[in-house]
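Look at the two complexes coming up: chain A is in both, with chain B in one and chain C in the other.
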Partner chain A sequence: MKKQEIHNKNLSKTRYHMADNISGWGFIGVAVAVFVIFTLYPVISAVITSFQEYKPFGSEFVGFENYITALGNDLFWKSIKNTLVYTVVVIPLSLILSFSIAIMIVPFTKNVQSVFKGIYYLPGIASGVAISVVWLWLYDASPNGIFNRVLALFGTTSQNWLSSSKTAMLSLIIMALLSSHGANIIIYIAALHGIDNTYYEAAEMDGAKFFQKIRYIVLPMCRPTTLFLLVTGVIGSFQVFMNAYMMTGGGPDNNTTMIGLLIFNNAFTYGKYGLACAQAILLAIVITALTTLQFKLMGEDIEY
Partner chain B sequence: MKVKKVLASVLSVAMISSLVACGNAATETQTAGSSDTQQAVTKTEEAKTEETAASSDVTDTITIMVPPITGDYVDLLGGWISEFNKEYPNITIDVISTSWDDHTEKLTTMALAGEAPDIAEVSYAAIGSYVENGTAIDISKYIDPERLSDYDQNALDYMTLEGTLYGLPLYITIQALGGNREMLEAAGADVTKIQTSGWTYDQFLDVIKNGTTSDRFGFVFANAGATTQDFINIFGVAAGITSSFTQDLKYSYTSDNMLSLLEAVETMTSSGYMPNYAVEAGQRLVMLQTGQTMLTGKAMPLFENNIKRNIEKMQAKDPEAVEGTIEMEYVFLPVPTMDNATASVFGTVDGMIALRNNNTTDEHLQNVLKFMDFLCSGERAATVDNAVYLTGVCESARKAQESFELDQSDENAAAVAYAISKVVAPPTGISAEQSANAKTMMDETIVPKFQALLAGETTAKDVYDAICTEAYKLFGEENCASGWIK
Partner chain C sequence: MATGLYSQHLHNRSIFYIRNSLIAVFLIAFAAVSLFPIVYMFAWSFGPAIESASTSYNIFPGRWSFDSYKAFISFSNYSLKWIWNSIIVATFTVLGNVIFAGMAGYAFSKIKFRGRSFLFFVILLSMMIPYQVTQVPLYILIVKNFHMTNTYPALILPGMCTAYNIFMAKQFFQGIPTALIESAKIEGCSQLMIFNKIILPLSKTILSVMAINTFLNSWNTFFWPFLVTSKEEMYTIQVGLKTFKFANGSLLSPMMAGACISVIPMFVLFFSLQKYFLEGVTVGAVKG
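And now, the complex of A and B:
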């Protein structure tokens, strides 16, 4: 009798868990299906295509030829170098800028903070193409261009912003720095709010100054956030495409041709899908290596 | 625990099934690729033809993809489709309207996905890419030979690659220079004489030198991004380069003519007669209309109409008029000719090509060609030709043009006649591979190096050497022109 009761109790418990599990599996199933269809399949397809000379009505298997072509192409290495330069300058500066702005916003009241957050996030919701058009106007190389007019006020000659090798990359970097750090600021503000006040109180009792609090409390406590923004920033930066496509087309002399633009051109301008896929796979390998390196260097003592 | 295992197994099976399905699709493509592609495609088309031929009055849908060939082309297309449907009520026409900016990329992407439109507008120079990827179709099998005789042979030659006809010509454009008559004459140019008998490069250089002032360039050519290619094509004729390939099918841009062309650019930019920065396509016309330049390129005869309408708007104080518009008389001029070069003008043919997609069958292609021929001939073609201020490339279009009066000055009409007489057709026999390689050379080497030359960051000789190095790698030195080509 007692055995039966225990059995019945276990059965109802199992049924309860089963009902609970079905909905859980259901939710995961949707996410898995989306992942398989929109991420895993394209990745597998890209890997297969990278070994083919792609043609819509009959591709040809060419082994590693696309990889050999990609690695032997000077423009591929130049685009990797350009992307690295862009990333090395933009990401750290963007993080410093976002962190500084977040620090300045945090002391304000909640409503004022919301206003600032909204203002800084605004460019993020605008169309990238529209923003590029505005920047093209700002960088107009004729004496009537906005930046050139400003330079003229200081007696400086007009600059060939986007057409000169000396200023084209700098122009893209300035554009990236001034128009895309709203999300970083919001994430940093959230991280700053997460730091317990007791740390600051203890530091004040010890006579810590503003910069000492930043150095010994804020920076270490924000380290997981910084690592997250660094990793996602580097990945995003390596995939950057639109700025160069819209602003310079990769010129002059391919000095602003980023790897993303090169892949796009090979795929959609020349129709060399196989080569483009091989380059995309190589890019994925580079990004994976860099991300691993970042976690090794910064992430070892971070707990989530 | 057991339930968990079952559910996990079901989900795993679902995932693996979707992967296997994807894999199978890829394998099918790969298998087709390993066999003779053309044969496989033909077999499919035959099978589908048998299927559709079973019922004679089956409906058919044709997709056409066009940019705004003329300002109102897509609107006019609606009317022409209704007209076509009166004769062929079972054929439905779907129109994909694009902008000039995204037309080529959109078309390439769709073609590579096996979903190309049945008909697409292309410039003759782009045909090679579609032949290379196996989507272009030999149309001669599907069009009535009598109808084909309506088209001028030289225009059909533009749509032909390696002896195969891939499309029908719609219009021929001549692209050269356009300027402000008053300013040109003040700078010492005998405009009427130039319009009918051309000019030398030295005369041209003198005129743009005299026409340059502190607030005006003597010459502005749109050369931002891809439009750099226009400069090479259009101004290249000044140095005697009329095509990427010589008559004996050697790559032209490694010849001494190219070096002379690049040196001319160096002279014009370093002297300040021409801007040393990239000028957008729309910007150069605004600069002409507002007096910021005396001469511009690329220019076409139809700009006369654009400029007249803009001046009318300015006089009527219409806010749509370009700000700062000045009164001017637009003159169409040929490109100058350098020493040792033969006077010529750059001409290009645009037309419609038929493309293969997953639904292509022989019967369908016959319908496609019926509609393509309908669009490229008669009043439809005449409407386009009138809009670009040029004569038609088929007999039926020229006949339809007879009743149309162009709002064109006699001098510009004479200049157009002179320019057309100087157009040199590209050599026949260029292979699809040569054509595709020439595009890669232009996009990856010539355009980027040219931009650096414009900015004064490199020399003409360095650019020329870089072009030769890359071209020798791509085509082989023996397939590249050397010395001066005639």
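And now, the complex of A and C:
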């Protein structure tokens, strides 16, 4: 005991000052309290709940049963598959799209650039609910719907965009591509401005043309940005909930049931808290694995 | 600047102008596509308050009126209160984050106290956990244990000081020279005085960006308010709009009016503070 006390005393003398300890903890006090109550406790509680069958008064410990139920459930795998398809299509396409747009915006003057940035970013500040409500009508199954009007221009018959199993997922993908690129474009523009002109000048002396500059200068220099957008994009996409909930309700025939919607339904429609927690933890594991994988594949020579 | 990416065609300027015009045409076309849903929403919000199925409707309404706004507002006795609720929740969420995440960010970057690096590591780690993990325990805690359904604290407290904002504040404060703080200390300033008199005036921009980002997120958030409100009078505008959508599936114009009501405050904010919005996008995303 005594030794420990002396050791502590020495430690605080050499490395920390009492006054700093007090003011430090005073400054973070509220933040830590909020963090412990509303993040740390729920995470720990989620792990515990995932091994229980929830009952209002005294939950029952059931071991790995919830995990076994989750992994043995076809709908769980289907929702993983749906989420994966959605992610694999939306994220790369949206990165290519925003990169191309950013490349096209940079030759203009600063003022023109900020006008375009503003325009492309504008849809991004509307809420998910509002965007869903609008797109619901764009996909209206009657010939009056905007997408059906576009099809009519090409002489194709009207589609039941959201309620046919052939087009429901496609509809959600198109919507994601056309309503969430603003932030990515702005981030890419910032990255493009970070590339020093001397690189291009040197390349020009070697006779590099536009696409060679893109290939050998811009793409490698933008790699940290691409990795960042890829990682955050995939993480966000795996948690997607709003569009499936508002637009299709997961249907038809669970063809658009994303993992986020499945967890929500299990928890708040059926009250299976234990199962929902187990699925959420499986989701967290999948996301962590995917993030690690992306860093392994792309992040080798990137310094942070 | 990235101007060197493109050839300036100094020998033949007309190629330069033709190329830039072609790019501009494409960018404007794509902008039109991106903005179309927003334009459609605004235009049809002035359409008639009748079932769309009963009539073949056009791309834009024929006669413009405020009928649909009236229809949306009269849908519930509390339609206008939803906006008020959203304002209250977003305002207090912003205050909490700017004050407490700001203070925490400062302490994590500039005060050497015991447990600092471990605590920051734990907070950083928590940012990687998907919200699905915490939603059920949080719901049980607030609704079943604390019995706080349909109260402002239930809507505000969980988001009052986010890990993301703490992280952002810390990153920024780290850039402020420590010598500035040390000299103030020698002059006899307490940490609180240093924070108020030196740090805050230096960080107006970052705190504004944080405030705007947080306000926007709080205003647009649907999931949590949806879980902890059951009385119409405590809905936020997003929950109200969702309820309206599920109750009146075929009323095109009133639905658009509701969507407009939910986005117009943010659009006004965007146009008046565009600089901070756009800055907020790149904060934390691009190095340097």
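The definition used in the following text is that the second predicted complex is superposed on the first by the 266 of 304 C-alpha atoms of A that agree within 3 Å, B and C clash if a C-alpha of one lies under 4 Å from a C-alpha of the other, contacts with A are read in each partner's own complex, and residues count from 1 in each chain.
In this text, contacts are C-beta pairs under 8 Å (C-beta built on N, C-alpha and C of every residue); 3 or more make two chains touch, one makes a residue touch a chain.
It should be emphasised that the depicted structure is a prediction, and the values quoted were computed from it without experimental measurement.
Asks: Considering only touches as defined above, state whether A:Arg149 meets chain B (first), chain C (second), both or neither.
Replies: After superposition on chain A, A:Arg149 lies in contact with chain C alone.
Asks: Once chain A of both complexes is superposed, is A:Gln52 in touch with chain B (first), chain C (second), both, or neither?
Replies: first
Asks: Comparing chain C with chain B, which touches more residues belonging to chain A?
Replies: C
Asks: Examine A:Phe295 and indicate which partner it touches, taking first as chain B and second as chain C; both and neither are also allowed.
Replies: After superposition on chain A, A:Phe295 lies in contact with neither partner.
Asks: Contact-wise, after the overlay, does A:Tyr41 reach chain B, chain C, both or neither (first, second, both, neither)?
Replies: A:Tyr41 contacts both chain B and chain C.
Asks: First (chain B), second (chain C), both or neither: which does A:Val32 touch?
Replies: both
Asks: Please indicate which partner A:Phe268 is in contact with in the superposed arrangement: first for chain B, second for chain C, both, or neither.
Replies: both
Asks: For A:Ala126, is the partner it touches chain B (first), chain C (second), both, or none of the two (neither)?
Replies: A:Ala126 contacts chain C only, not chain B.
Asks: So in the superposed three-chain picture, is A:Asn21 touching just chain B, just chain C, both, or none of them (first/second/both/neither)?
Replies: Both: A:Asn21 reaches chain B and chain C.
Asks: Between chain B and chain C, which residues of chain A are contacted by each of them?
Replies: The answer is residues 21, 25, 28, 32, 37, 40-41, 45, 54, 56, 142, 268, 273 of chain A.
Asks: Quick check on the complex: what are the chain A residues that touch chain C?
Replies: On the chain A side, the touching residues are 12, 15-17, 20-21, 23-28, 30-32, 34-35, 37-43, 45-46, 49, 54, 56, 101, 103-108, 114, 116-123, 125-131, 133-138, 140, 142-144, 146, 149, 178-179, 181-183, 186-187, 190-195, 197, 199-201, 204, 210, 213-214, 217-218, 224-225, 228-229, 235, 238-239, 241-242, 246, 260, 263-264, 267-268, 273, 276-277, 279-281, 283-284, 287-288, 291, 304.
Asks: Can you name the residues of chain A that touch chain B in the complex?
Replies: Going by the criterion above, the answer is residues 14, 18, 21-22, 25, 28-29, 32-33, 36-37, 40-41, 44-45, 48, 52-61, 75, 141-142, 160, 162-166, 248-254, 257, 265, 268-271, 273.
Asks: Taking the complex as given, what residues does chain B use to touch chain A?
Replies: These residues of chain B touch chain A: 3-4, 7-8, 11, 14-15, 18-19, 22-23, 26, 29-30, 32-35, 37, 40-41, 104-105, 108-109, 111-114, 116, 129, 132-135, 224-226, 275-278, 356, 436, 439-440, 443-444, 447-449, 451-452, 454-455, 457-458.
Asks: Any idea which chain C residues touch chain A in the complex?
Replies: 1-7, 20, 23-24, 26-27, 30-31, 33-38, 40-41, 44, 52-53, 56-59, 96, 100-101, 103-104, 106-108, 111-114, 116, 119, 122-123, 126, 128-141, 144, 157-158, 160-161, 163, 166, 190-192, 195, 216, 219-220, 222-223, 227, 238, 241-242, 245, 252, 255-256, 258-259, 262-263, 266-267, 270, 274, 277-278, 281-282, 285-288
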